[in-house]
Amino acid sequence: MTPVRVTVWNEFRHEKKDPAVQAVYPDGIHVAIASGLKAHSDFSIRTATLDEPEHGLSKEALAATDVLIWWGHQAHAEVSDEVVARVKDAVLGGMGLIVLHSGHFSNIFKVLMGTTCNLKWREANDHERIWVVEPGHPIAAGLNETIEIDREEMYGEHFDVPAPDELVFVSWFTGGEVFRSGCCYRRGAGRIFYFRPGHETYPTYYHPDVQRVIANAVRWAAPVGGPKVVFGNAKPREASKA
Amino acid sequence: MTPVRVTVWNEFRHEKKDPAVQAVYPDGIHVAIASGLKAHSDFSIRTATLDEPEHGLSKEALAATDVLIWWGHQAHAEVSDEVVARVKDAVLGGMGLIVLHSGHFSNIFKVLMGTTCNLKWREANDHERIWVVEPGHPIAAGLNETIEIDREEMYGEHFDVPAPDELVFVSWFTGGEVFRSGCCYRRGAGRIFYFRPGHETYPTYYHPDVQRVIANAVRWAAPVGGPKVVFGNAKPREASKA
Amino acid sequence: MTPVRVTVWNEFRHEKKDPAVQAVYPDGIHVAIASGLKAHSDFSIRTATLDEPEHGLSKEALAATDVLIWWGHQAHAEVSDEVVARVKDAVLGGMGLIVLHSGHFSNIFKVLMGTTCNLKWREANDHERIWVVEPGHPIAAGLNETIEIDREEMYGEHFDVPAPDELVFVSWFTGGEVFRSGCCYRRGAGRIFYFRPGHETYPTYYHPDVQRVIANAVRWAAPVGGPKVVFGNAKPREASKA
Amino acid sequence: MTPVRVTVWNEFRHEKKDPAVQAVYPDGIHVAIASGLKAHSDFSIRTATLDEPEHGLSKEALAATDVLIWWGHQAHAEVSDEVVARVKDAVLGGMGLIVLHSGHFSNIFKVLMGTTCNLKWREANDHERIWVVEPGHPIAAGLNETIEIDREEMYGEHFDVPAPDELVFVSWFTGGEVFRSGCCYRRGAGRIFYFRPGHETYPTYYHPDVQRVIANAVRWAAPVGGPKVVFGNAKPREASKA
């Protein structure tokens, strides 16, 4: 079986500067996410970070990526427009994209959604209970009815995104908010999954259910090998128009 | 790898009575469809027909089925209500269902859709050109932009079904009609795919692209192993309500 | 302006037997709902109840109804199959249908949805906070970001319905649950809105925001006067097939 | 009744240079479209064109617009980024947007969709038959099952847009193509309708059904007065988190 080639991208700045984040993710969030996927022998995993040349996302790197996982937060503006455009083209061409947590405000997510992607937030150790609302969805494989996360940053509605093509999860927060926390989109030949949890000061990416969701999403978002689409001036298919 | 257990169900009446149909499908449409799937070593295939006891769809048979393929036409009314209810329960519990062509008017499709499932039709050797409108969908894997079927029965809009959760194909017909010919639905924990072509007097089920679509749909509709859902009276999850 | 002809249907049984319900809705839930709509001069309102002949839903009554509002709970099984079929036909023909609270288990809702419509529930005075997740939807007109209901019965996911065509509201409950509480469906030429709140022992239907939602839903669900659809054998539209 | 304030925007270049277009639309496509709306006394209509200051779309102009209709073709690149951003903000804030025909390649449509919006095309006098596939949709009000356009430019699938939230029309073309020709989107608090017909060399905007669709779409896309959404840091709604 051909492996799914996964690139885990992380802005990797908090972990270099903030001791509280270092304590949780000493090698970076990307390494934690990649480790969480290693049990899957059908995945081939690499990582890339903002401060690498071309942010680690050269044309060659993207051409060798089936699914790109994206974590960013404080440095969205430092991702070059050229790389954003390149990732967008790759997604529309069929590459899967999994956007995590604060990646909601990344330029790549915003240009693909066409909306502000804004939301409510609060850092206050809320309990997050993620309810599965689409139990037959492949991204819900192997889960229980809920994912329980003891402490997390809160994200609340309204989440200004297009209504998801498939809504898999809805979160409950202690402080009284709800959030559409697992959102599937098809764009061009590619598929996009937004998954809410994962603030940098919490050990969320070590949570087995969170790891399972990301792995499920990788499989769901992998390219399918659909038709080569042709655009532009087209001759008629029917003789009467020839 | 655990195989996907496929049951190909056919009403199998035209083929017993009508020489024109016998000439095309001497062993029955179900055998032709099953043969078209045999190249896939990850499928385990059986067939079932209307005139078998319990229509070949006993509790045991359904419990051993991951994806059920359904072809029926002139004998929809002979499928017992009990079996329809049993199939419906199985679908809502996670079994995949692929409804082909005239199966649009089967009771199992109608009870799952909640609408009349009515449409326009004409037997007049129209050319059917099936356009892929969702090139990133797994059911479009391995196809070209169109599937060309030289002669087929026409089905035309309005097709009275719920708007599909995912619309994969739209058909063009010589006589001036269009049809939403590849429609995906999620119902309960199960997934349903309606695929239009396949009139009994045409060799449609020998068409390699049609066979490919059915195989793709089997994989797409196979159960995912999602959460066991609990209904009814529920204790609070939060201590403050205990 | 032609008024929208609204029929408010109520099973009207709790209010006859249970003093706790009588205390809240002395004239019946239908009268409370109808009163909440009376400020809208463009509505023409009547009520109907289970124990009337044909449940107050004769052919003539339905023919004179643009939008039907449905509240039922303990007597779903007493609604005759004939009336359920009649209401279903009316909806598919263009009549709007608003299903409230425990009406999720009515036969009319179940046959239109095609699923079990099951859910979790608890009578424990939870606070319900209904979040608007689609702020541009007509059913959200005139609301704030949330509707706050001090005490209500809890309904929790998984709610076994088809993914709504438009999801307008998501509820948060004290006990830790969430619920897709405002769900829009298009079926045939008709539109259906499910709205969660309204347990018989709480004064929910006197809540101004709940009344506003119901009024908004009436306008949204009113028939649009679309094309008359023709089904069955169809002549070709193009001369080459004549 | 407060009128719906409509701005009809046209690039207005073909009509100044090309005699074939002048012959059809001597005063410009915008004037033809505006004239087609004048029968509706509840609309207040103005026009705006590319070569006006700020393309006729100043902040004040947009603030006084409920629904913006957009026709552009050869000069998409001349619409300033500032105005595109301004229109996008207005749409997300609740203004309706109706994009016509070659407007599929306008920057405003592309940034709202997030995809290439590319398609197939041919100028060859195809007959276009637009089928209603959602007969209960307000945009289909007053139509027959089809809209027949004798001669039009062909647009064919694949149309690289997100799957529409509501698909109202599908077109059939003589040359063998189909097209999703009436596509509804909700983005932010605004609503967007893409409608396919309207090549500059054909008298399409004088067609009564085309005029009716545009008028229906204006009503459908008008702002609803939903909740004011608040983003950013949020205090808890529940005391336990205070």
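Letters A, B, C and D mark the chains in the order given here, with residues in each chain numbered from 1 onward.
One rule holds in what follows: a contact is a pair of C-beta atoms (placed from the backbone, for glycine too) under 8 Å apart; a residue touches a chain by one contact, two chains touch by 3 or more.
This structure is a prediction, so every number in the text was calculated from the model and none was measured.
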item	value
Interface sides of chain A and chain B: same vs different residues, half threshold	same
Rounded Å distance, chain B centre to chain D centre (Cα mean)	36
Chain centre separation (chain A, chain D; CA means) in Å	31
Chain A residues counted as touching two or more neighbouring chains	129, 132, 134-135, 145, 156, 158, 163, 165-166, 174, 176-177, 186, 188, 229-230, 237-238, 240
Contact graph of the chains (line, ring, star, complete, other)	complete
Touching residues (chain side chain B, partner chain A) in the complex	94, 129, 132, 134-138, 140-146, 165-166, 174, 186, 188-191, 223-230, 237-238
Residues of chain B defined as touching chain D within the complex	129, 131-135, 145, 156-159, 163, 166-167, 170-173, 176-178, 180, 240
Touching residues (chain side chain D, partner chain A) in the complex	88, 92, 111-116, 118-122, 124, 126, 154, 156, 158, 160, 162-163, 165, 174-177, 185-188, 229-238, 240-241
